[in-house]
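After this come two complexes, each holding subunit A, first together with subunit B and then together with subunit C.
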Partner chain A sequence: MPEITDLMETGQDSTLPGAPGALAAKALDFLRKTAKIIKNFSLLGKLSLAVIIFFIVLAVFAPYVSAYPYNLPSGKSLAPPGGGHPLGTDDLGIDIWAQLCRGAKISLIVGLGTALLAGLGGGLLGIISGYVGGILDKFLMRLIDIMLVIPDFPVMILLAAFLGPSLINIIIVLALFSWVSSARIARSQILMLKEKTYIKSAELYGAGAWYLMWKHFLPEIFPLIAVQMIRLTGRAIISEAGLSFLGLGDPTSKSWGLIIHYATSFKGIYFTEFWKWWLLYPWLFLTAMVTSLAFISRELEQVADPRVKR
Partner chain B sequence: MRQKTRMRLIEYAITIWVVITLNFLLPRLIPGDPFLVLTSQSAEDEEIVLSEEQREFLFHYYGLDQPVYKQYFIYLGELFRGNMGFSVYYKQPVSHIVMHRLPWTVFMVLSSVILSTLIGTILGCFSAWRREKWVDKFLFLFMIFFSEIPSFLLGLILLFVFAAGLGLFPLAGAVTHFADFQSGWEKAWDVLHHAFLPIAALTISHLGGTYLLGRNSMTTVLEKDYLRTAWAKGLPKKRVIFRHALKNALLPIVTRVFLSLGSLVGGAILVENVFSYPGLGTLMRESVRVQDYPVIQGIFLVVTVCVLLANFLADVVYRKIDPRVGS
Partner chain C sequence: MPKKRSLTMIISLLIILALSCSLLYGCKGKEAKETTKTEGKKTADVIKLAGGDWGYPTPYGVYPRGPGSRKMGLVYDSLVGTDAKGKIVPKLADEWKASEDGLIYTLKLRSNVKWHDGKPFTSDDVVFTYSYMMKYLPVNGGCPAAVQQVEAVDEQTIKIKIKEADVDFLTNLSSWVMIPKHIWENVTDPNNFTDNSAVGTGPYKLTDYSKEHGTYRFAANADFWGSKPRVNEIKFVPAGEAVLAFDQGEIDRNSVTPDIVSRYENDTEYKIMRYETSWAYRLYFNMAKRPELAEKSFRQAIAYAIDRRELVDKIERGNAVPGSPGVLHPNNEYYNSKAAQYSHDIKKAKELLNSLGYKDADAEGILKNSRGEKLSFQLLCDDGSARMAEVIKQHLAEAGIEVVIKSVDMKTRDARFKDGDYELCINGSGNGEDLSELTNISGKGKATSTTAKTMGYDNPEVDKLYTGQQKEKDPEKRKEIMEKLQKIVAEEVPKLTIYYTNSLAVHRPAVYDGWSADTYHSDSRSNFVDD
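Up next is the complex of A and B:
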């Protein structure tokens, strides 16, 4: 069958990194596809995307969009919004808007870091275990069973308390408890793919595990893992906020959760008006970010997996 | 069937063993000297170290001069007798403190599980019945929105709006201290009044999952043949939905309820801290603040074992009510 070998060869050629024209065409194609997906979003999905983009811009340009430093007092303490401080100041007189911009960066770092680590690590584990099978697969399945029933938040508190508060530690702890979902998805997909005829024929033509992985498994599984990673980002941001709220956050990098922690630890916050800016704005930012991420992953789920319908 | 139950039992036993071992190993794997900061309030004044004799006494007292495997067996033995160590900060046995706080957490978690399941299922059925009508669309949007907000954020806003702003509910605690209750009813009312907002926060953020599942499950059941028969018999709508369909739509909900218990407990720990509710969650925050590791570990162990037991129970119940799984 000459056609199949031809196809395989031409397929290989187009992915060679040396051809800039092909790369540009690929990028353009990717952009066009993305635009099409976004166009098909519901109103809620588009709104969520706008919110996320807003936060990303905020995080990237944090030093430029806030007039005051995020770590030094710049006014009267507990000043209400207005008069130079758009969202007021906290008990030390630090500008809340500046802190929120900085917090966006921290939340995104934690969220994306965890998602990358857990999504890629879990996905890879799932692929290997599904493809290799045998003892390794059995062991991983038992491990996943155990991870699924252990309540994750108490373990996170325990680990965070022992490891000590630092951003890297928090990312590691969160990733340790979020890889399970992507591993399961990847594994079940591999088990299904392994039985497909085109994989079998590729194997018959001498395709090795490495080749199959890059050529067939990853392209098939990546969209599902990517959606899962967006979901993980949201969950990691929530968990980080929870840990920070309990006082287990990294004090040197003030996330939104930590601002809420300080605000709620302030004595007498309930009997004053301070919460209307000190607590409300980080709350709004956190809620908007988390719900937007969830809505986007919901929309993308329908694109990546046509079987998932409401 | 009995054999399957036994298999599950073994699996759960292994999980509990893993958790206990993790609990034993963690403090020993982390670098550092446990007695370096024991006497000091913060890490800065570490200079106040113990004398060599004191250190040796403490090492011996906690059995840390023994080989690790011996420590492990001692730990297991003590745990088996209900000894989870001694709190450095509270100067009480850990088991005593934990058992004192546990009922409040159990009360909160159980009430919100029951409430969210009941309300979620009913609303889900209602939505499936009125599918694609405006009620369904509105409920669906409302539910997916609230199910994505984490419970402690929900609790924070409830606290500030209803308790701090409007003054409808107490700000913190589980009962009014030093109150002179005339009757048991009055006391029960007081407890419910305090518990209302935390339970509401947990219930609302948990409602969405049950609702979506109930709606999906109901929609599939409604398309079954035996329901067409029920309709054809001319039974009233309510009877068809709540008698014929609900029974079969309930199965996936039952499993979900118990499987979601773990995340609910995580939420409860945070929500308790929002409302300063005197359960295990607030205890955990306090112990984290004063670095009372035996207490943190004790809470972790008790919570995990409770969740695992509940999951095992769910397995057994599920096998009982679904004849297809049992045989």
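Up next is the complex of A and C:
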């Protein structure tokens, strides 16, 4: 596959980095390659990407795309969609569309925050574990074994209840339970890489551990970690929604899970027609976002590891 | 081809989704039923109600909340009771007499009363109950604090000496339940004594209890001293979605919200009962913790800022009565309609706060004191009142007060409320007027009520008036004192009543129609037995 070698090249590119012109050229080059990867996506992948971009735009421009505030009532309570409120209002008369835009931001912050923390942190730990080996490797691997056995969601509920609900806490708790897979993937790659001749020769020429890590290991495994990170994003968003749904989320965050929590705790909502907007839309948004992320991670997986495609 | 396969998958997923949506929606449609007008059934073999764990139904095992004490009330009896109008009625004692100075009450016990295990109930048990409850304070059903001494005159007669004359003493006595000496005398850890210990004299015997599932089963007591229980067995079963459980006949009565009551209207199969209750949500100010709140006009500003009507409309969907600052429900016989009302007025709230020196110098919307500190309070609430807290936060923000909501589970909230570990707190409770918690007279703070000391409120005038009305025998004069008391309380707002809830309950008359019109609690004893 040409894509994977392209990515490798970007990593190992040794054109002079200092000059601004070279930097711009590099960025352009990167964009072109990204565009090429996206062009090779299936229709489903492209659609998913469009959905994610839509959500990112929503999150970034939340105050501009909604006419009403997300935290103050702006109309009659439980007004159906239409009449100024495109997706209706909740029991307090707050515009649902405004809350969903705000919720997109929360979901993305939680998702990306967790993915960055867990993906990069886990990846680094994996590299260290694989490269250094010995006692440290054994220790980390056993730790990972333990983490894999612990049922994560119940412990997350416990920790969230114990640490108290706040967005930062939720990101940390989620990251604590998601770094394991990236660490294992990174380690297995490093074990293979460090036996390669070009690494051996770099070592012979005096390359230190840091140099090898930044110049060779990270660029090499980045595509794999990136796929993992996107997968983690989806999982984190779902977990946050789950915790919020259970009432353990940050009550001031207005995340999608929290909207669902309030809607489902409204007595007898399924026997009224309110669920048709108060519950359905946040659920739809959540499902769309997570499904899209799953499809994108699958597409990227095919790019990073051609064996998947067959 | 993977592409094609995933597309078909998505399409089929969408179809399934659409189908399930339409199915869910279809649930709402009600087929026309042909029901002949059925005469309501006054007795029933089994009645099923929505469960939930409220503790083991003994005075020591229950949770200090209404559903717990009502379950205990099925098993245990007090010496005297009160009817719906507050009149004293005989229970375990069928005769009573107060001494001339009102300090000694002589009660004659009913003869032939047996405990559930067949042993006779005697004056010994009453004396034992008193001394035991003095030693171990029960969670619920305790002896009134006014009692000084209980002695047995003979097997069927007891004498109760009280500290101070109190016209409401017999009413207070009605919450004190009797426990059997032969079961409890050697128990040293009563709160964990749950080994078949629910033996009382009441109309129902506990036959099964599961803490994990929140289920209870009560069977009628054949030897009950009063009239025969109308229902042979009461079951509290788990009901996830109560509306669905009721529709499918898994439970026999359900309280509903105004939004779904239309499902049952104009249908002879169902009967809807409406109640106005004195169960109220209240906002408590902890003046001991936040000295700002000790300022009368500060609390008045909060009362002006909170739109109680809007809270009724949004949180209870209109099915409640906005709170009166004088604490008493408008339909209480002692209600004073002339007490201050604080109709919603943000401008007035701001004026009051400004006059106290809180200014919005940097036009940020939040007021600051002279030292430049933001006016910010933490509002403690339980999960069930988080939405209410949200609205209160919005209302107070309009007046320039920042509120940080701290939402915890009910038991944590109750514990922190009792200990005074809050700044502002939303708590709800039923049963009567609750003016006593504004005084320094009542005993310890409970989960559902507090004391003036815990709140940091101290007004000797309120204490004096409250004890005065307790002693007053003339109803006219008592009303006068109560009106004066409400006027002061409304003026000072040491706590703000947000609203009194109304209750809508629906049942099937063909299954059982003996539900009491006096109480909205489906698990209340009066639904199943006439004492």
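In this section, the second predicted complex is superposed on the first by the 292 of 310 C-alpha atoms of A that agree within 3 Å, B and C clash if a C-alpha of one lies under 4 Å from a C-alpha of the other, contacts with A are read in each partner's own complex, and residues count from 1 in each chain.
What we mean here is this: a residue touches a chain if its C-beta (ideal position, glycine included) is under 8 Å from a C-beta of that chain, and two chains touch if they have at least 3 such contacts.
As the structure is a computational prediction, the values presented were derived from the model and not from experiment.
In the superposition on chain A, A:Leu246 makes contact with subunit B only, while subunit C stays out of contact range.
Touch criterion met: A:Ser77 reaches subunit C, while subunit B stays clear of it.
Shared-chain residue A:Leu92: touches subunit C; no touch with subunit B.
In the superposed model, A:Asp29 lies in contact with neither subunit B nor subunit C. Set side by side, subunit B and subunit C differ in how many residues of subunit A they touch, and the one touching more is B. In the superposition on chain A, A:Tyr270 makes contact with both subunit B and subunit C. In the superposition on the C-alpha atoms of chain A, the part of subunit A touched by subunit B in one complex and by subunit C in the other spans residues 44, 247, 270-271, 295.
Subunit C contributes residues 2-3, 6-7, 10, 24-25, 27-28, 241-244, 256-257, 259-260, 263, 313-315, 383, 386-387, 390-391, 394, 405, 407 to its touches with subunit A in the complex. For subunit A in complex with subunit B, the touching residues are 44, 142, 145-146, 148-155, 157-159, 161-163, 234, 238, 241-242, 245-248, 260, 264, 270-271, 275, 279-280, 283, 286-287, 290-291, 294-295, 298, 310. Residues 11-12, 14-15, 18-19, 22-23, 26-27, 30, 140-141, 144-145, 148-150, 152-153, 156-157, 159-160, 163-164, 171, 259, 261-263, 265-267, 269-270, 273-274, 284-285, 288-289, 291, 293, 296-297, 299-300, 303-304, 307-308, 311 of subunit B touch subunit A in their complex. Those residues of subunit A lying in contact with subunit C across their complex are 42-44, 71-73, 77, 91-93, 247, 251-252, 262, 265, 267-268, 270-274, 276, 295.
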